[in-house]
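Chain lettering (A, B, C, D, E and F) follows the sequence in which the chains are written, and residue indices restart at 1 in each chain.
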Amino acid sequence: MKVKEIYDFLNELSPFDTQEKWDNSGLLVGNYEDEVKEVHISLDLDLDVLEKVSPNALIITHHPLIFSALKSVNYDSYSSKLLKILIKKDISLISMHTNFDKSHLNKYVAENILGLDIDETDGYITYASVNKDFVTFQKDVEKRLNLQYTKAVQCHDRVKKVALITGAGASMLSEVKADCFLTGDIKYHDAMEASLREISLIDIGHYESEHHFSPLMLGLCEKYLKINKLKAIITASKNPFKFQYQGETVE
Amino acid sequence: MKVKEIYDFLNELSPFDTQEKWDNSGLLVGNYEDEVKEVHISLDLDLDVLEKVSPNALIITHHPLIFSALKSVNYDSYSSKLLKILIKKDISLISMHTNFDKSHLNKYVAENILGLDIDETDGYITYASVNKDFVTFQKDVEKRLNLQYTKAVQCHDRVKKVALITGAGASMLSEVKADCFLTGDIKYHDAMEASLREISLIDIGHYESEHHFSPLMLGLCEKYLKINKLKAIITASKNPFKFQYQGETVE
Amino acid sequence: MKVKEIYDFLNELSPFDTQEKWDNSGLLVGNYEDEVKEVHISLDLDLDVLEKVSPNALIITHHPLIFSALKSVNYDSYSSKLLKILIKKDISLISMHTNFDKSHLNKYVAENILGLDIDETDGYITYASVNKDFVTFQKDVEKRLNLQYTKAVQCHDRVKKVALITGAGASMLSEVKADCFLTGDIKYHDAMEASLREISLIDIGHYESEHHFSPLMLGLCEKYLKINKLKAIITASKNPFKFQYQGETVE
Amino acid sequence: MKVKEIYDFLNELSPFDTQEKWDNSGLLVGNYEDEVKEVHISLDLDLDVLEKVSPNALIITHHPLIFSALKSVNYDSYSSKLLKILIKKDISLISMHTNFDKSHLNKYVAENILGLDIDETDGYITYASVNKDFVTFQKDVEKRLNLQYTKAVQCHDRVKKVALITGAGASMLSEVKADCFLTGDIKYHDAMEASLREISLIDIGHYESEHHFSPLMLGLCEKYLKINKLKAIITASKNPFKFQYQGETVE
Amino acid sequence: MKVKEIYDFLNELSPFDTQEKWDNSGLLVGNYEDEVKEVHISLDLDLDVLEKVSPNALIITHHPLIFSALKSVNYDSYSSKLLKILIKKDISLISMHTNFDKSHLNKYVAENILGLDIDETDGYITYASVNKDFVTFQKDVEKRLNLQYTKAVQCHDRVKKVALITGAGASMLSEVKADCFLTGDIKYHDAMEASLREISLIDIGHYESEHHFSPLMLGLCEKYLKINKLKAIITASKNPFKFQYQGETVE
Amino acid sequence: MKVKEIYDFLNELSPFDTQEKWDNSGLLVGNYEDEVKEVHISLDLDLDVLEKVSPNALIITHHPLIFSALKSVNYDSYSSKLLKILIKKDISLISMHTNFDKSHLNKYVAENILGLDIDETDGYITYASVNKDFVTFQKDVEKRLNLQYTKAVQCHDRVKKVALITGAGASMLSEVKADCFLTGDIKYHDAMEASLREISLIDIGHYESEHHFSPLMLGLCEKYLKINKLKAIITASKNPFKFQYQGETVE
C-alpha cells in the first residue's frame, strides 16, 4: 500500500486543510509513492518508538515532528535527531494535529475517558454540564486520567459547566464560557488570569490527556488497513516527566 | 516622598533600560509626581494584596500587571480588574521584571535559596557546578524550595553542571550549556526536547522559584526608604495553584 | 438597565462591526453587567463633562477615548487622565465612531445642518448637487455651521457637486469625485494636493461639523431609554480652540 | 555648473543623511550631470512657480515633491502633474526637508522671525524662555508671522517656556517640555490632547511658519552660486488657503 | 479617441484585475482623458521604439515600464530614462502583463508558434501532450522559435507531457506536472532543481518566447481601433542580447 | 579529525559571520562532534557526487544545499532528495558561499582564470582596468572560461573598466561603476536595464564562472588536512545544462 493511499484515507477522516495556520500537520517525512509495510500509531516520537518500528513502516503521530522549519540538520535537537533515524530506516511520518483535535480527539476524551455528556463544541473547545462539588470532580478527573497528582485553581465550590481542551489550551482562556476549564500544561500566569476571571482550572496533563490519541486512531483506521493487508500497531511514546512526592519517586 | 524619587533609586539598583524588549517593566500605574505614603512589595498583585494595601501606597512587583496593551478596560480580565482597584485607591505600581532577573533575582535564588556556588552567569542563565546523584539533588531542590511535588526529566545519573532560570525559562533550552536545567512552568514539549538533547530538567515552579523576590527587594530598599521616612512592607501574593495527591489535597 | 442592553440597542442602530479596522468603537470602559443610572451624550470627553456626570452613569461619545493601546496608565495623557476619573466614578463609556459616521452622522449633517439634497453616499463620503457661486456657498456653509472664520481653497467660480466628510476626512481626497470637498482639520499639504487636482476645499471644522452628534444621538435613543426608565442628557464637551482675529479674541 | 556640484554644496550645508527615515530629501528630479542655468528657491512647487522658471534651471524646495513612491504617472495628482512640467522643461529639483529643519529652519524662525531667545534645541524642537501674558504673546506671534487669524488652546495665563516646530509638528506633543507649543496644522485631537496635558498651543500656520525657507536659503547659497556665475532667485509658491471672516474674504 | 476608451476595450479583452498582485499592469503613463492619435504595440520599450513613435500616441506593451515604485526620477535607470521621453513626447503607456499571459499569450505561443495541442491550462501553465524523442523535440522548438542556440536539461529520452510558461517561469517549477518544461531565462539553480526532480527543461528565451505579443495584440485590437479611425502599428523593441559562438558573432 | 576542527579552520580562512543575511553558509548537515574520514570539495551536490563519496566523509560545497527552510522532507525536491543520501551515508556538509565569494572566489577568478589586473574590490564586486575592443575581449573571456557560446549586451566599442561578480550577480547592476559587467545567469530584464544604463554585459555562466571553487578550496585546505592525516579530494558536480547550436548538440 502506498503512503498516498493512507494519506487520502486520513484526509477524508479529518481533512488536513482544517488545521490551524501555525500547525504543520500532513506528510512530514517520506514520499507519497513509498510502499508502506506496517503502520504504527503514537502520540509522539521518541528514541524507543523508533527502535521498535521496522524499516519501511509509516508512523502516524498526533504532534508534528517539525514545527520550526529547518535550515540545517545537526542531529542535536529533538527534530533533527529523530529525523535522522526516520530517514535511515526509510520510515514515513504523517502527523494529524489540530485537524484531528477538532474532528475527533477533544470529543473522544470528553466522552470516553472523562465520561462527560457533551453540550456543544466550539472549534477546539468542548463543553459539558457537570453538577458536582469541586473536590469530588477533581478526584474523579484525577482517577479517570490516571494522574499522579493534580494541580488546580479553585474559584467555586461546585462545578457547573466545564470546558475541555486536550493538550495545552490555556491560551484560549479568554474565550472560555464555563466556570471550570480542563486543559494541560497550565502555567502560573494562566492560573493568575483564571483566578481573577473566576474560572476554575484543573490541569489534566498534556501527555495524560492526549495519549488517548493512539487507541482512538487505531480504532478509526484498523479495519481499512486490514482490508489492504496492513497491520496497525500502537507503539506508544513515553511521558518524559517523572514525579517525586515528598522526596519519594511516584511510579 | 515622590514616586519619581523611588523610581530613580530602583533604576540605579537595576536599570529599567536593561529589560528585554518584549517586557513592560517600569511605572505602570500612577504619576511620577504622586506622593507615596507606604511601599509594599510582592511577586504579583491579587485581590488580597490590594485589599491590604492602603490608599496612596506604591507597590513594587516583579511581574508587570499589563503585558498586552489595553484597548479597553472591562474589569473582566486580570489586568483590568486589578487596575480598577489600583486607580480607585490611588495606588501606584512599579514592576521590576527582566531587568531585575538579570541584575539580582537569578543569582539570589541560586546562592541564597538553592545553596549553589555560581560558576558564571550568561544573561538570564546562572550556571553552577554540582556533583551529586540526580535523585539526591532533586530531593534537595524540592526541600529548599518547599515544593509540594517535583516534576522532572532525568537524562543522567549524576548532576554535574546546573543551569538556572527562575520563573518560566524553558524557551532558552537550546542555549543552555549544562547537563541539568532548573526552571519553572516546564511544558510537555520542553520535556520532549530536553530528553532528546540529554539535558535533565527539574521543574522548580514559577511561583515557588520567584516569590523570593519580596524579601530580596525588601533588603535592597528598606534602608533607603527608612531614611526617607517610608515603611517598606512585604504584602505577598498567593500561589494560585492548589495540589491534590492521590485524591487528597496537599497543604 | 444594564450596559449590555444599551450596547445591544446601539449595535442594532449602527452595528459596531461596521467600524473601520483602525477604529476602536465599542464598550471602552465598564462592564456589560454594570447597572446604568443615567445616560449622557457628548462628542468627546473633557474634564467639565466628567465633573457634571454622576457616578454609575453611561456616557456615549463619538470619539473613542483610547486610540493607541495603553501599556501604562500615568494620568498625564488625555486618555489616562480621563480614564482615571471614569474609573473612580464608576462611569461606563461606549464610543460610536466610524460605524456611526457611515450609518447616520454624515447624512444628518448634510441634510439637517447644511440643508443639502443628498445624491448618493459612498462609504464615508456623502455627495450632493449644489449650483451656486463659490463665495455664496462658502458664506452659507459658514453661517449654517456657525464657524468663526472659514479657510478654503477655491479652484472654481461655481460649486456644482459637493462631497462631505464630517470630522477629518482629507486623506480621502484622491477618492473624491466632486468639484468641492467639505471636511475639517484640512492641512497645508491637503490644500496643495487639492489645488493641483482642481477640487475646491472648504474647512468645516472638526468640532464644528461633528458636535451635532449629541442631538442626533439623543433623538435616536431617548424614547428607548425612557421606556426603560432612563434619562438621556446631552452633556457636551467644548471646542478646545479659541480664535483671535486681528489681535482680538473672537467669541 | 553641474547639479552634482550644487548638491555637494547643499549636502555640506545640511547633510542629506540626517533626514528622518520617512523623508525623501535629495535630488528628486534630474541628473547629477545636468548643467544648471539658474537656481530658484521656494517652499514648494505650484503651477505658477513652474511657469516662471526657465528650462534647465534647478529648483531648491523645502518640501519633497514625491512622498509616496510612484507606480504610475497619471498627471492627475499633485506630484505627477508637476513632475510632467519639470521633465518637459528639463528642470531639476532638490528638496531639503527634515535635514534642513534640524540644521537651520527652526532656529531661524525662532530667532529672526519670532524674535525669541533660544534656550536649547532638541532634534526638531527649539525651546525659548518667554515671560508674557498669553494673549499678549499670541498677538505678538500673530503680528510677527503676519497671520490672518490665530487658532489657540490656552491652558495658562502666562507663557513661560515655549517650544517651536515649524510646519506640522503636533505629533511631537508628548515629547514637548514647555507650557506653550507653537506649530502649524494643529488638528482637533491635538488640541484635546494638549488641553488635558495643560500645554497651551498656538497654531502658527504651516505655510506661514515655513515660507521663510526661501530668504534663508537664498542667504546661505547666494554667494557660492555667484562665484560660480549662477543667479539664485526666490520664486515663491503661494499659500493655497484663502480666509473668510464673518462672510468677508480676508486679503 | 480617448485613452479611457482604449483602456476599457483592453480591460474587457483581458481584465486588469486578474493580474498577479506583484504586477503593475494598467495605465502607467498618461491620463485617461488624453486624446490618442496612433497606437503602437511592442513587447517592451527601448530607445529605438520611442524614437519611432510620434507625439500623442499610445503604446501598448507587455512588460510594465515601472516595477519598483519611483521615489526619484534621475534619468539614469531604464524606467526613468524612458519615462522622460514618454512625458516629453506626450506618449501614453498601457501595459498588459500577467492578465494577458493568462488570458491569451501562453495559449497563443503554445498553439500558433509551437504547434502544440493544448490539453489544459492551469493559471499560467499551459500543458500539451507530445510524444517525441527529446532531441527531435528540442530541434523542433529551436526552429519554431528561431533560437540561435538552445540550453537544456535533459532528464528523459522522450518528451511525453510538456508544460509551457512564456517569459521567465522557472520559479513555478515545483508546481509543474509534466516531464518537460519550456520557459525562458532559466538559471543554474533552476536547472539543478529540475535535474533532481527529473523534469527536463528547454530554455525558450524570454524575448524569443514573448515577442509574439505584438502580432497577437495587433490582431486583437486592429479592427476595433480602425472603426474608431485609429491606426495600430507594431513598433517592436529589440532583443538586447547578441550571441557569439566559438568566437564568431551569430546574426 | 572532528567536523568542529575543520569548521574552525574554514571559519578562520573565511569567517562565516561575514555571509549575507539571506545566505545559509555553515554546517548544514552533520554534527560538530562527528569524526571525518575524508574531505570532498565541489561547487554543488548532485547524485553522481554523492555516489562517489564514501560514508563518514565531509563535503565542502560553495552553494548551500538548504536555502528555503524545510517544513517537511519529501525526497522530491533537490534539497530533500540529496539530504536523504547525506544522512543515510553519514556524510557531513559545510557550505561556504557569500563569505567565500567576498574573501576569495571573485578575486581568484578575476586574476587566475580571467587574467585581469584587479584595481579594487567593493564587497562582492571586483573591478579591473581593461583596454580592449569589445569583441576581442568577449572572445578572450569565452576562451578563458571555456564557454560553449556567449550571450552579451554590447553598449560600447571598447571595454575600459570591467566589474566582475561570479555566479549570478545581475541584481547588483545599479551599483556597478564600470562600462562592462561580467556575471552569470543574466536575464532578459537585466539586459534591458543594462542597455539603457549603457553598461555592457557578458554572461560568463554561473557554473562556468564558479566551478573554479573546487581547485581554489583544495589549494587552501590541502596542507592543513594532510597534517591532520586527512585526504582532500575534488569530486566535482556537473553542469546541468547541455547546449545545442543550430540543431547540433555542443559537447
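For this structure, a couple of remarks:
Note that in this section a contact is a pair of C-beta atoms (placed from the backbone, for glycine too) under 8 Å apart; a residue touches a chain by one contact, two chains touch by 3 or more.
Keep in mind that what you see is a predicted model, and the values were worked out from it rather than measured.
Where touching is counted per the definition, the chains common to chain A and chain C are B.
At the interface between chain E and chain F, over half of the residue numbers appear on both sides, which makes the contact a same-residue one. Looking at C-D and D-E, the interface holding more C-beta pairs in contact is that of C-D. In terms of their C-alpha centroids, the spacing between chain A and chain F amounts to 46 Å.
Chain geometry summary: the mean Cα position of chain A and that of chain D are 63 Å apart.
Of all residues in chain E, those touching 2 or more other chains are 76, listed in ascending order. A ring topology is adopted by the chain contact network, closed into one cycle in which each chain touches exactly two others. Chain contact summary for the complex, chain D toward chain E: residues 24, 26-32, 66, 69-76, 83-84, 87-88.
Taken together, the chain A residues at the contact with chain B in this complex read 44, 46-47, 63, 76-78, 81-82, 135, 138-139, 142-143, 148-154, 167-168, 174, 184-185, 187-189, 191-197, 205-207, 240-247, 249-250.
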